[in-house]
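Should a chain be cited, it is by its letter among A, B, C and D, assigned in written order, with residues numbered from 1 in that chain.
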Amino acid sequence: MADIQLASNQYGKAENRVVRVIRDTDRHEVRDLNVTSQLRGDFLTAHTEGDNAHVVATDTQKNTIFAFAKEKFDSPEQLLLRLADHFTSSFDWVTGGRWEAEEFGWTRISEHDHSFYRGSPEVRTAVVVKDGDDTTVIGGFHSLTVMKTTESGFVGYPKDRYTTLQETEDRILATNIATRWRYNTRDMDFDKAYASVKGVILDSFTQGYSKALQQTLYQMAEAVMDAHSEIDEIKFSCPNKHHFLSDLSPFGLDNPGEVFYAADRPYGLIEATIQRTGAPTADSAWNGIAGFC
Amino acid sequence: MADIQLASNQYGKAENRVVRVIRDTDRHEVRDLNVTSQLRGDFLTAHTEGDNAHVVATDTQKNTIFAFAKEKFDSPEQLLLRLADHFTSSFDWVTGGRWEAEEFGWTRISEHDHSFYRGSPEVRTAVVVKDGDDTTVIGGFHSLTVMKTTESGFVGYPKDRYTTLQETEDRILATNIATRWRYNTRDMDFDKAYASVKGVILDSFTQGYSKALQQTLYQMAEAVMDAHSEIDEIKFSCPNKHHFLSDLSPFGLDNPGEVFYAADRPYGLIEATIQRTGAPTADSAWNGIAGFC
Amino acid sequence: MADIQLASNQYGKAENRVVRVIRDTDRHEVRDLNVTSQLRGDFLTAHTEGDNAHVVATDTQKNTIFAFAKEKFDSPEQLLLRLADHFTSSFDWVTGGRWEAEEFGWTRISEHDHSFYRGSPEVRTAVVVKDGDDTTVIGGFHSLTVMKTTESGFVGYPKDRYTTLQETEDRILATNIATRWRYNTRDMDFDKAYASVKGVILDSFTQGYSKALQQTLYQMAEAVMDAHSEIDEIKFSCPNKHHFLSDLSPFGLDNPGEVFYAADRPYGLIEATIQRTGAPTADSAWNGIAGFC
Amino acid sequence: MADIQLASNQYGKAENRVVRVIRDTDRHEVRDLNVTSQLRGDFLTAHTEGDNAHVVATDTQKNTIFAFAKEKFDSPEQLLLRLADHFTSSFDWVTGGRWEAEEFGWTRISEHDHSFYRGSPEVRTAVVVKDGDDTTVIGGFHSLTVMKTTESGFVGYPKDRYTTLQETEDRILATNIATRWRYNTRDMDFDKAYASVKGVILDSFTQGYSKALQQTLYQMAEAVMDAHSEIDEIKFSCPNKHHFLSDLSPFGLDNPGEVFYAADRPYGLIEATIQRTGAPTADSAWNGIAGFC
């Protein structure tokens, strides 16, 4: 028999779809979440012997999420923090874990009191990782697709045997922004910060001429770090959604940046992490997040 | 050998992703389409003998779409109509066809001239079906998710051996609206009509108490038909996206309509067609559209 | 107010995921279905007045499906037929409806008694449409992706101003077969017929040189109709999944049909209906099936 | 301005769909890959200044992939290794990177020479991470759905205020296996190892009574490590795909493990890493892989 050992492990209930209606007045509010809870700690014998004495059932984790969503709702991050504190304080052998939420935004229809449409283009994300006394809170969003129809180019890159790309100084720049940022505190208004970061990123995207998506990402990161001292780190993972100029010359037509073919695959993929110089890092908190280097 | 015959058939190029930038001034506009072209007519020997003399290549259809998108862009419906006229007039044996487009909406970021985000929750649809001299234009949209957090119930239904559902007079009503409507003219401003119909549907959704999704759909249909005499028929296909009240009583918690579990499957599915009394119908134009009865 | 009327309509519970284990002996069998039930009949006042006296709850339809799956399981088609008979005979105002199932295939692991992997590439489909005394049974499958790496070409098509495609006599032919066929009887072994039809289609795909996907579809249809007198009609809707030869000449490499780029969109889309000459048709039974002309 | 720094970053071309036909004889073979290439190294000024002098175009990376796929094809892992060696040796400032492939399996139809169907239920994965002189090769697969219809239970777990789950000693155990394993050498037959590991995992899944998914995962890991000394580490990320016994008692029906409702969300999620004791680890090579702790 091979000499093996159990290393990192976690388990829980994924994708609990919690819809919380805040109806203290006739003007309702909706928070629509997809919550995942995963526990870490001493679960060795569950793996090696099938002894479940330590295995807080994933069904119990689910129930706890719904009960906690009832008791109070302020922000996804605060809900996750309360869950993290609960599980690690309730069970000796649970020494940490990972809690994650997606939030889907709803917009009031014509200022109606209790009618909404799902109107937010992006999906908000929140992660809390707890490891003993260390707690990390990561905000973010994905699926925010943006486009500049001019003021973007790509020139000056190295040419080798395999290079056929032509330089261009006027192209469409389009991407689907996925970003995550790490807070350096848990005592704050996460909803307010979220709205601000999203706004800063969108505004930054519009600024100036883009020489490459790398430059644009860095510029967005810089703008966020300038505006938010409670953020120590931000990551981007952004596809370069290619829009190829349609070649209409065989049909006797000119095409001065008017008709494009939007390609699916392959796509450029640009990923970068920007940190506040000198701030503590928290590398292990990022494990398991897809597509962020 | 069996005695068989070729009945209905059509072929073409599907999902041509055309992005049209209108840049006559510094304030650009974007139209983002997914266009499918399919031809009908005399294609018998292509099937029976592999004789391609009549088979206008799907690649040619694609090229034509891009060329036509360059020449002029007013609305998805008008682009499809021009394609329909072109193919049926250019090739004797092409007697009709089906042209379809999805349109994805982009919203200007902070009133910027050439920066946008993909911000429309719904996907607009347009279909043109041509059959000899008959041309049918169908507008529509899908994926517009709406929710009422109160003023909805379901009571008074028949109970049989298999009925376990409890009546309720306060529930969440949520659906993902898919709708298609048939115009009775091709000479009109389809963009303007689209915006209006969408607005009428959303407003109608907010009105009054809903006794069942059937009633709400009919009410939306009626509002559209009242407001738009150029529409003779409208269809809805709407899932009842169940939001089940979370049972928190085992944990000693009350739950007066505050915490819900949003289920994926199964879901109710309600479909209805409403027609203007006495107007001509066009049943065959609806063939092949998924999920509309 | 507009003068409008309710035309076709149907409602029910969609995508009930029923897994039926047949465990009469230690050697278990698994049938894994996704079942949708929709009723038609007199539901006018539900729409116009919110009167639910006729509305057999979608939840009741769901319960009935699970109960019927327990009582007996022979084939998806037979389960749907029993549901159709039940609803139309139990409620006076239910005059018809539409019942649909997808089936996902499981394969025994190493001939083990009760361990399986989900191993079927295609998804089987079944539809029963009942309208008064008429009952239509439609079998089918989708998502069966097939490829020929040679013995396929495309030449002899018309060339116009918009044609740039080059003729080829050696290309990859690949498609994702979606097909539906209509039985002319309800008294038969549908599982056995399904396995046979699938085999006939796969074998036919391998035969000979393909001059166009149209020809290949027709050849498959003919083979099915030859082999199955209990089938009166078959439809195909097949994307031409383009595999473009990669141009390696800029790198000094030859590429004699060895390296291809598999494109996502756009794709050719070929649809055809083949009927047994002289057999009764059942056009309305096909309504609402996506992508079949 | 905030004092910030560029930390980890990588970029490249994602999801290059390469289909390689091996046609040295009339009996063709097909390898169908989805390849991503990402480079790491000194790309600072691209981010901070938009200076692209170091930015090997993602289009160039794409071309290189297709060219390399032509020159030779042995296994996904070997193709990625050749790409890694090429980019790091060709450009001084490229000090490492990440190369990934998915492979989709094709099965010969009736032993035909050049006709295939896409018949593999799982998607094979391969990752090569290069960091200076360190090269890590990770094999794996995902989407292999397996089920045991008996010989599985879950008892003996802790009960707290939020626990409502009932113990059971006969349930369905179903999961969608995603696994990745790290090789300790690059000089080997990866295709042969892949087939063996997959077989060992499937066989292990059938063995014995499962007290929890954790135990089953560990058992599968142990079997792989026993059989493959060239593997030092294996990770699993497996949803517990719940199949809930349908409650048919309201309808007077018994349900002894025969009819189940297959739920979508939420689902249990069990993740574990098993390592060979004393072997070197390579933690950073796992960054960015979704859902593996």
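The working rule: a residue touches a chain if its C-beta (ideal position, glycine included) is under 8 Å from a C-beta of that chain, and two chains touch if they have at least 3 such contacts.
This one's a predicted model, so the numbers in the text were calculated from it and none came from an experiment.
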{"item": "Distance-maximising chain from chain C - centres being C-alpha averages", "value": "A"}
{"item": "Selected interface, A-C versus A-D, where C-beta contact pairs are more numerous", "value": "A-D"}
{"item": "Centre-to-centre distance between chain B and chain A (centres being mean Cα positions), rounded to whole Å", "value": "31"}
{"item": "Approximate Å spacing (C-alpha centroids) for the pair chain A, chain D", "value": "22"}
{"item": "Whole-Å gap separating chain A and chain C, where each centre is the average of the chain's CA atoms", "value": "37"}
{"item": "Multi-partner residues of chain D (each touching 2 or more other chains)", "value": "16-17, 63, 67, 162, 164, 250-251, 264-265"}
{"item": "Footprint of chain C on chain D - complex, ascending", "value": "16-23, 28, 30, 32, 63, 66-67, 69-71, 106, 109-110, 112, 114-119, 121, 144-151, 172, 202-203, 205-206, 243, 246, 248, 250-251, 253, 255-264"}
{"item": "Of chain B, residues touching chain C in the complex", "value": "1-17, 36, 38, 40, 43, 46-60, 62-64, 67, 90-91, 98, 154-158, 160, 162-165, 210-212, 214-215, 217-218, 221-222, 225-226, 229, 233, 239-240, 265-278, 286-293"}
{"item": "Chain C-facing residues of chain A, complex", "value": "161-162, 164, 250-251, 264-265"}
